[in-house]
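Below are two complexes that have subunit A in common, paired first with subunit B and then with subunit C.
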Partner chain A sequence: MSLAAGRWPEFAGPAAGAGRRPGVLVVWRLEVAKLASLLRVRAIAILCMIVPFLAVAGLNLQSATPGDTPFGQWVHVSGLAIPMVILGFGAQWLLPVLTAVVAGDIFAAEDHFGTWKTILTRSRTRGQLFAGKFAAAVTFAVAAMVVLTTADLAAGLLAGRQPVVGLGGQLVPAGHATMLVIASWASQLLPVLGFTALAVLASVATRNPVAGVGIPVLIAWLLQIVTLINLPAWGQQALLSTPFLAWHGFWAQPAFYGPFREGLLTSAGWFAVCAAASWLVFARRTIGGAA
Partner chain B sequence: MSRGRRSAVAAAVAVPLLAVTVSGCGSTNLTAGRLQASIAATFANLYVLQQAEQGNPRPSPRSLDSRAACQKGGTPDIPQDGSGGWLCQITYLVAGPGYPVIARYNVDVQTDGCYAADGDGPASVNGSPIITGPGYQQVINPLSLIDGCFDTT
Partner chain C sequence: MTEAGFAVEALGVTKWFGETTALDQVDFRVGPGVVQGLLGPNGAGKTTLLSALFGLVLPDEGSVRLFGRTRAEAGPGWLDGVGGFVETPRFYPYLSGRRNLAVLAGLDGGDAADLVDAALDRVGLADAARRKVRGYSLGMRQRLGLAAAMIRRPRLLILDEPANGMDPAGIRDLRTALRHLARDGVSVVLSSHDMGQVEEICDCVTVLCRGRVAFAGGLEVMQAGAPDPVWLLDTSDDDAALERARQGGGVKAGRRDSGGLVVHAAQDRLDAYVLDLGRAGVAVRGLELDVTSLESLFFQLTGEPERGSPGEQSPLARPPRREREPAGQEVR
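Presenting the complex of A and B:
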């Protein structure tokens, strides 16, 4: 069999579309596929789905109410209070853990297994690898928040759709309250992404999965303590823990969004600084040679 | 390379540390005025809810003309702003301007402008966490524990 001039057999050419796909997308897809096969990622996904329902079941089994958090006293009156109690109780320390478990490990795991040399010899640049891995960590954070929000809202609606008392003493009808629940949970995404970038920085800088996960979690807890101190307004605003509380304003009467707008800036600032610092560290490190 | 690593880690911890070290200077927006305005309006809304729960005629929140006077507890020279324990007296009118009623609250204000106000009398208004509705059913007294928030930006 002879070849026609200028034609190569099918198997010798590039695979369909392979040459056209941008490298970042390839790395991102691979990283997301890797994440999806991890046991702890699957465990988190399942926990995000069932914990809100367990919380509802737990609250229904007892007559006492969690009184020291906003909406706590109304959990037996309206199911729509329950997602807000979970948010008020857990968001500040639980959500950073949620994203750090993946983002704090995604770079350091390659150090842990000694696989940087292997993947960097592939035809992807360091920049593509960094962007793909970073995007995968962000993807996980967004997906986990979407699942958690959906499960929380579903659990709340299942428990009851009565009007709920807002943070201005006003009675919020169920339809509006549902929107506020979604908005409140969606607002958490901003600081969560800030913590994602912080965890990536810890992961890149320490090259240690334990430190990569532990450092952002520790910072989250420290910030939660610092939040209790009377800081000047700008100091309070600079903390990455403050945007977690911005949703309170949505439920006031009249609603106020100043903390949300400031939280947007704060989260974006932390995200940009941490992402840039991670890239600087990652781009400069020597892999496979003498340091 | 290790220099870059170190400076990146330093940058990550510097921001919160800086925020801690400057605590105490600068101003806060957690003022008595904002707290008073918020708690008076929240109280009025919840008073209406309480009356409805008990099967009484509903006043309009505006007609109560509720006003709050708040003071921060502790030593006399304590600055009258910021988070912590406050004492609030809410004056409202249920039987015309000649007969003001005063409700007292111990208010725990958080740094983000949210507060939990614990009723401290009179007992018939905010003393009991549970009240009785018109059909003898037990319902939550909305005035016993008040959660509210005000803007500090």
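Presenting the complex of A and C:
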């Protein structure tokens, strides 16, 4: 293995970056490709696909039902109750973990590997790198939610496609119940994106992958506890954990969508504030050259 | 380019980190096709200066121009035509060497991706291109860093200790490659601790000490003002050898704590001294160059102690580090 000591004619010519200047889209594409090559991202994708089926198998094996969870008492009656049991059981803590694993690491990993200097000395601006990475974290969150929703629904339909009893005691036909399952899972995307931005902020601010992943998860758990406190209505609405419960209104009789609309605003607020704060911290930091 | 045609023109660059002055009114210029050495002991400010050239660190005072343009004037294209690395090149350990370069080429845009395989071949990593970087040695990472710089088709190459971890053949080839690049018009900034390496490659040298420029100029100017090199000498009779040195001939000698003598002498004077010892019946059992002329000058300029040398006190005072003025702006 030896360096070629002679001339390097193929490296003469127009300098890199002198021609067409790729923007955020290129950074996003490269970040997504990097994520796809990470073992933990592949493991999460596989888990999202198989865990719902394992849950169905587990529930079918036991005679008792998880009666203290919404739809729990109907899991042996209709397979469509199962995705809702999983949602009711795990949404507030499982989904923040899911998005934080990537979003909490995506900036801090560059600090961990010392690669900021490598990528910031190419022909990209900080703004492009920030936007591309942020978009990649959002892409992962959306993709994970799509995979999880699809797998949950498929597992539920596999278990049985019977009508379900709604939260208002009404019988919901299978076709309508299927749409409500999809809508309920889709509504989780709003707070999940809020947690994605929160994890990015933790990742940028701490420059530590463990803290970047751990802080949003810890906040998710704390918010669950705070939810139990008798806060005024505006206080409850401001919590990022509250929009996870907005789907309850979809299954009521009659259905109501106020909590969903409020959750949309709450999630958008958390998303915007955390994204803006992340950018301010990232744009101001000095990289390298410490005395 | 500026009127003077400098690839790099940093004027009055000052950078504080808290109360520490990392760079103090540093002027640094690099012409086209020039290999410019940047020397200094640890903490001298070399890495901070290189980081400022890459825009990673914003100076608190002064200006940095690359190809005649400040960052504000050039906008996002400021680093076009600039390649290199600061400190040890870092890559994604979970990706292969080739994949790492592909990611960086993607960030560069243009046809950089087409140069990836050629660059890997040039730096001798073609066989290891598909191995994950986590398994690379330090020398291999340095080579990959050079390849990552070259795919940008640089007109200015900034390298921080590029020979670290390289085997002797790699260092030799690196020197030749850099000389060829300079001949093709590429300006090279080479930061190094190794005076011998700088002596062999560089046209001009800037020596930093405690954040200030201790010397800047051509290598021949530096050599002309350099003190005698230092030699380690073992003889059959050190007392007699010391006595012969005292009799003149432009040789200064003293005893070493570990035994033997340390001799300050230019090459021709040393030759004469060794022949004189032979005529006097004193056998020379060992002779080793300990510190070259430029190394001696470097030690004098930076105030670093020479190894095993009785040494002469430097006539050049080490530049004092300027304390930050209380009104200075906190930037970090």
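Keep this in mind: the second predicted complex is superposed on the first by the 267 of 291 C-alpha atoms of A that agree within 3 Å, B and C clash if a C-alpha of one lies under 4 Å from a C-alpha of the other, contacts with A are read in each partner's own complex, and residues count from 1 in each chain.
We take it that contacts are C-beta pairs under 8 Å (C-beta built on N, C-alpha and C of every residue); 3 or more make two chains touch, one makes a residue touch a chain.
Worth saying up front: this structure is predicted, and the values here are computed from it rather than measured.
When the shared chain is aligned, no partner comes close enough to touch A:A100: not subunit B, not subunit C.
In the superposed model, A:S278 lies in contact with subunit B only, and not with subunit C.
Look at A:T118: by the touch rule set out above, it reaches subunit C but stays clear of subunit B. By the touch criterion defined above, A:T286 lies against subunit B and subunit C together after alignment on the C-alpha atoms of chain A.
Once the two complexes are overlaid on chain A, the subunit A residues touched by subunit B in the first and by subunit C in the second are 286, 291.
Subunit C contributes residues 15, 17, 20-22, 43, 45, 47-48, 50-52, 54-58, 76-77, 79-95, 99, 103-110, 112, 115, 118-119, 121-125, 127-128, 140, 143, 146, 148, 150-155, 169-170, 172-174, 176-177, 180-181, 184, 211, 331-332 to its touches with subunit A in the complex. Across the complex, subunit A is touched by residues 1-2, 4-5, 7-9, 11-13, 15-16, 18-20, 22-30, 38, 41-46, 49, 82-84, 111-114, 116, 129, 140, 142, 145-153 of subunit B.
By the touch rule above, subunit A contacts subunit B in their complex via residues 67-68, 70-74, 77, 165, 167-171, 198, 201-202, 204-206, 215, 219, 222-223, 226-236, 238-240, 242, 245, 248-249, 251-253, 256, 258-259, 261-262, 270, 273-274, 277-278, 280-281, 284-286, 291. For subunit A in complex with subunit C, the touching residues are 1-8, 10-22, 26-27, 29-30, 33-34, 37-39, 113-115, 117-125, 128, 286-291.
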